[in-house]
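In what follows, a structure is listed as structure tokens, so that the remarks can point back to it.
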Amino acid sequence: MGGLDDLYQELILDHYRRPRHRGELADPTISVDQNNPLCGDQLHITVRLDGERIAELAHSGDGCSISQASASMMSDVVVGHTTDEALEMIEHFRQVMHREAQADEDRIGDAIALEGVNKYPVRIKCALLSWMALKDGLLTRQADRQEGR
Amino acid sequence: MTPAVDIDPRALRAEFPIFTPVGDRAPLVYLDSAATSQKPTAVLDAMDRYYVETNANVHRGVYELADEATARFEAGRDSVARLVGATRDGTIFTKNASEAINLVAWSWGVRNLRPGDVVMVTEMEHHSGIVPWQIVAEITGAEVVFAPITGDGQLDLAWIEMTLRDAPVRILNVVHVSNVLGTINPVADIARMAHAHGAMILVDGSQSVPHMPVDFPDLDADFLAFTGHKMLGPTGIGVLVGRPEILDAMGPFLGGGEMISDVRTDGSDWAELPWKFEAGTPPIAEAVGLGAAADYLRHIGLDRIRAHERELVAYAFDALSEIDGLAIYGPRDPDLRGAPISFSLPDLHPHDIAQLVDRQRVCIRAGHHCAKPLMRTLGVTATARASGYLYNDSHDIDALVSALQAARSYFAR
Amino acid sequence: MTPAVDIDPRALRAEFPIFTPVGDRAPLVYLDSAATSQKPTAVLDAMDRYYVETNANVHRGVYELADEATARFEAGRDSVARLVGATRDGTIFTKNASEAINLVAWSWGVRNLRPGDVVMVTEMEHHSGIVPWQIVAEITGAEVVFAPITGDGQLDLAWIEMTLRDAPVRILNVVHVSNVLGTINPVADIARMAHAHGAMILVDGSQSVPHMPVDFPDLDADFLAFTGHKMLGPTGIGVLVGRPEILDAMGPFLGGGEMISDVRTDGSDWAELPWKFEAGTPPIAEAVGLGAAADYLRHIGLDRIRAHERELVAYAFDALSEIDGLAIYGPRDPDLRGAPISFSLPDLHPHDIAQLVDRQRVCIRAGHHCAKPLMRTLGVTATARASGYLYNDSHDIDALVSALQAARSYFAR
Amino acid sequence: MGGLDDLYQELILDHYRRPRHRGELADPTISVDQNNPLCGDQLHITVRLDGERIAELAHSGDGCSISQASASMMSDVVVGHTTDEALEMIEHFRQVMHREAQADEDRIGDAIALEGVNKYPVRIKCALLSWMALKDGLLTRQADRQEGR
């Protein structure tokens, strides 16, 4: 049971039951959908930027406890940071999931509690879903701006 | 027609080495046979014996080892053909059920479908019965339509008949038993409708051939696809059964060794059936293993397996209905359904269900089960699915139910 | 660069159960590894352990058994990718080398070849490198041309260069080592020519990857196809290695489960590489077995295997030349050739040769070796072929020679 | 060695070394080619009919001892018979090769010596090659005649 309790820590269940930043922004700078090919779960993320700073972020859609909690934790930690800082956080979280780095609470906040997911290969996709969605949205916007769109 | 002697799953389990108890680990409660079945010693041994006693390439060597390899390989084909009442020239080895369906889609479809032609699949089709047709439709300009299901998880036969009448349907791809809903479709009736309107029919028997008597001539179908690893056989092998006269008229699909009678720089001639559709070195050891699996199933009796699973499903329905709020998809009547049971629990995502019941080593599947169009029809993204087989008994269902209850209270912490 | 320690075939043979002596039967002299290789215990055990310890379907189950199955399956891919210096997303499992070549022919060819386009194969190509292109050429209106060979069994590079310059060649299919002549082709040079003229190149490594160091980046090729059963691995699995950027741009081939990211009634999206090209349940146990084979080969060292076979070929040339009238096809220089040695004897048909040497349990192949265009160029209908591997030594060659002498006198009765 | 001596009986080697009816007829009623997909051997058969009777038959082409001897033995036995009788002989020989019947010397003459081939599955194709070629030629002619060609 040690293993599973590690996976389903209290902090994770808490974010799952009371997700932060859940919903949809009315007038987003960025809007992105991501689907988990594994189970078909669909995630929708909207972001309002203030210059290069993430002023607001909201997530909606279906998902298991891990993907919902992860979206909530991510929202908590990236809001207020610049897009480049957010991309760094995302990269750190990705490395944690693939066991390429030890989780650093300063960089990913509550999401440190998700470190145990990296022992469950299939669930890594669930944990990464929202982070990859945000990364996608941020990179697409940067590319669009460079091309002057 | 209930068989005289019941199956004894506990006794059978002794013939499947994966169920051998290991130390003080909890016993394995494997309820995911719709994804893949476990393998009896008879199958593993047949393959090992092949490799250890007579491994050689087939069909061309004149030395004794190669003769013996060829004999065992072709005996595997005979066993499989016998299981479904097929002819040996109409029994083609592929790598899995998916390739079997692709074979028809590419060989027949690419050469025969025209813009405006219609391919009918069903809303309860596995992706392997949908995507090959979508790919080939894109290349040819044909259209893929989806036969809808009714509220109780059955095919809408009236819609199918109407569409066959009104649209230029060239071929139907119909699953015999749904891997999600468990529905047993009346494929022989649908075949008659299809033929009355000049359409062909491919029956996806991936979930029926392992679990109930299936007789190809009785189905009245043109093609039957199924897969080795779900019927006690190895991975790496599947089967396409077809009417020889149709297969004969089809152009070749995969090209290479074995499937030719002559190769010239200005063109080539094809081998006879079934080899015409078996390019390159076939799955030799796998055919030997699948032959052993077919013999094993026939020895136990598909009617007995079917009767056993029917009882298991009835038992599971009762047991699962004790769980508050648990919803089961598909037909209620055990006579109308095969082994897979998909269900959901309020406020508990299928992933979390499957993960938590695995704490008691109860293996069930969670996800879209390669049936995303069906998921959309059902209005869900995913379900949990428990699916039994000949080695499962009511204790396994009890273990599932108690693991589900535990999962519930775990999340209610 | 001769490796420090030689291979000891006798010692190795103890690791291949088929060579275990049975009673007072003559020992097996297996000289048909170009058709299929024998399997070491390490490979058979890896597959058995997979089935007995952790059999489950891969990639979608969340329970531990399925996680472990997926881990072993993907570790098999990593081992195979490492063996040929490929990336994991560019390493696709197929059912054999033939399917690997068909994958390119159908996925890329059907969608991209136009009437007038040219596909270049060679006169020494295996049928599996010819027929897929003939089939796809017939569908698309493209033309297949055959690069000729020179008198000493080499590719005519000048002709290839000229044709690349003068004709709209879109892709070349070139065998790395001929399964008949043994010729080692300068595929890296040919790849450079092809790319200079805007053509792609597929290298058929079926007879090279098992026998010598092959590094995909070094080859400078776009695709590399090879097959499990010739490299100590099981039947039922092959490999297509490709440049990820090219594979990415290609449309899907076989459709079904695993290879999708979304399936809708109005169309579907594809999974990432390598899974985009792996429709349906993959050859799971076979990937585990092939991974073990790749590890085994790396452990022994492909450079040592190559050095050993070079010596074996040199020895065989000397020994066979003692037989009156025996003619060997292909290059004389052991540096220019791999393990297969094709030969003929005057007044003794290859069938009769192979049958008679089997009296001493010497297994060699007789026939067209799936290379009928080459047979026509050589002016024969069939040859006899002896092909060694890491488990063969000079005693096996001696046994062949004495069996050939006996065959001679038998027919001279 | 018993097995192989059974395969390569003296009678077979004799037909192989001194094939009867080898060659090509100048003005054949029937001319047919058959190829052994196994080894690429090519066989050419020409027949001159006198009414429904096989007046002359000749075979040429490459082949192993079994296929050459078989062609020679077949030629010997069918010449002088009607096409229907020949088809019966061919069917009997086919059954012998597939172990569906015991060889009957009255029906297939020297070819009875080939019975042992049926223990060597791959070589059965060699033994059957000429017989199947002749069958093909006879049936094609009957079909052509029925269609009045």
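Should a chain be cited, it is by its letter among A, B, C and D, assigned in written order, with residues numbered from 1 in that chain.
The rule we apply is simple: a contact is a pair of C-beta atoms (placed from the backbone, for glycine too) under 8 Å apart; a residue touches a chain by one contact, two chains touch by 3 or more.
Bear in mind that the values here come from a model prediction, so they are computed numbers and not experimental data.
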For the chain pairs A-C and A-B, which is connected through the larger number of C-beta pairs in contact? A-B
Farthest chain from chain C, going by mean C-alpha coordinates, please. A
Just the number, please: Cα centre separation of chain A and chain D in whole Å. 76
Using CA atom averages as chain centres, what separation in Å is found between chain C and chain D? 37
In whole angstrom, how far does the Cα centroid of chain A sit from the Cα centroid of chain C? 45
What are the residues of chain A that contact at least two other chains? 38, 120, 123
Contacts with two or more other chains, residues of chain B listed in rising order: 60-62, 66, 260, 262, 351, 355, 366-367, 372
Would you tell me which residues of chain C are touching chain D in their complex? 349-352, 355-356, 359, 366-368, 372, 375, 381-382, 410-411, 413
Going by the contact rule at the top, pick out the chain D residues touching chain C in the complex. 1, 4, 7-8, 13, 38-42, 62-66, 120, 123, 126
In the complex formed with chain B, which residues of chain C make contact? 17-18, 20, 28, 30, 32, 35-36, 38-39, 44, 47-48, 51-57, 60-66, 94-99, 101-102, 105-106, 110-111, 123, 126-128, 130-135, 139, 144, 146, 227, 229, 234-238, 251-252, 254-260, 262-265, 267-268, 279-286, 351, 354-355, 357-358, 361-367, 370, 372-373, 376
Applying the document's contact rule, which stretches of chain B touch chain D when the two form their complex? 59-62, 66-67, 70-71, 260-262, 271
Which chain D residues qualify as touching chain B in the complex? 35, 37-38, 120-123
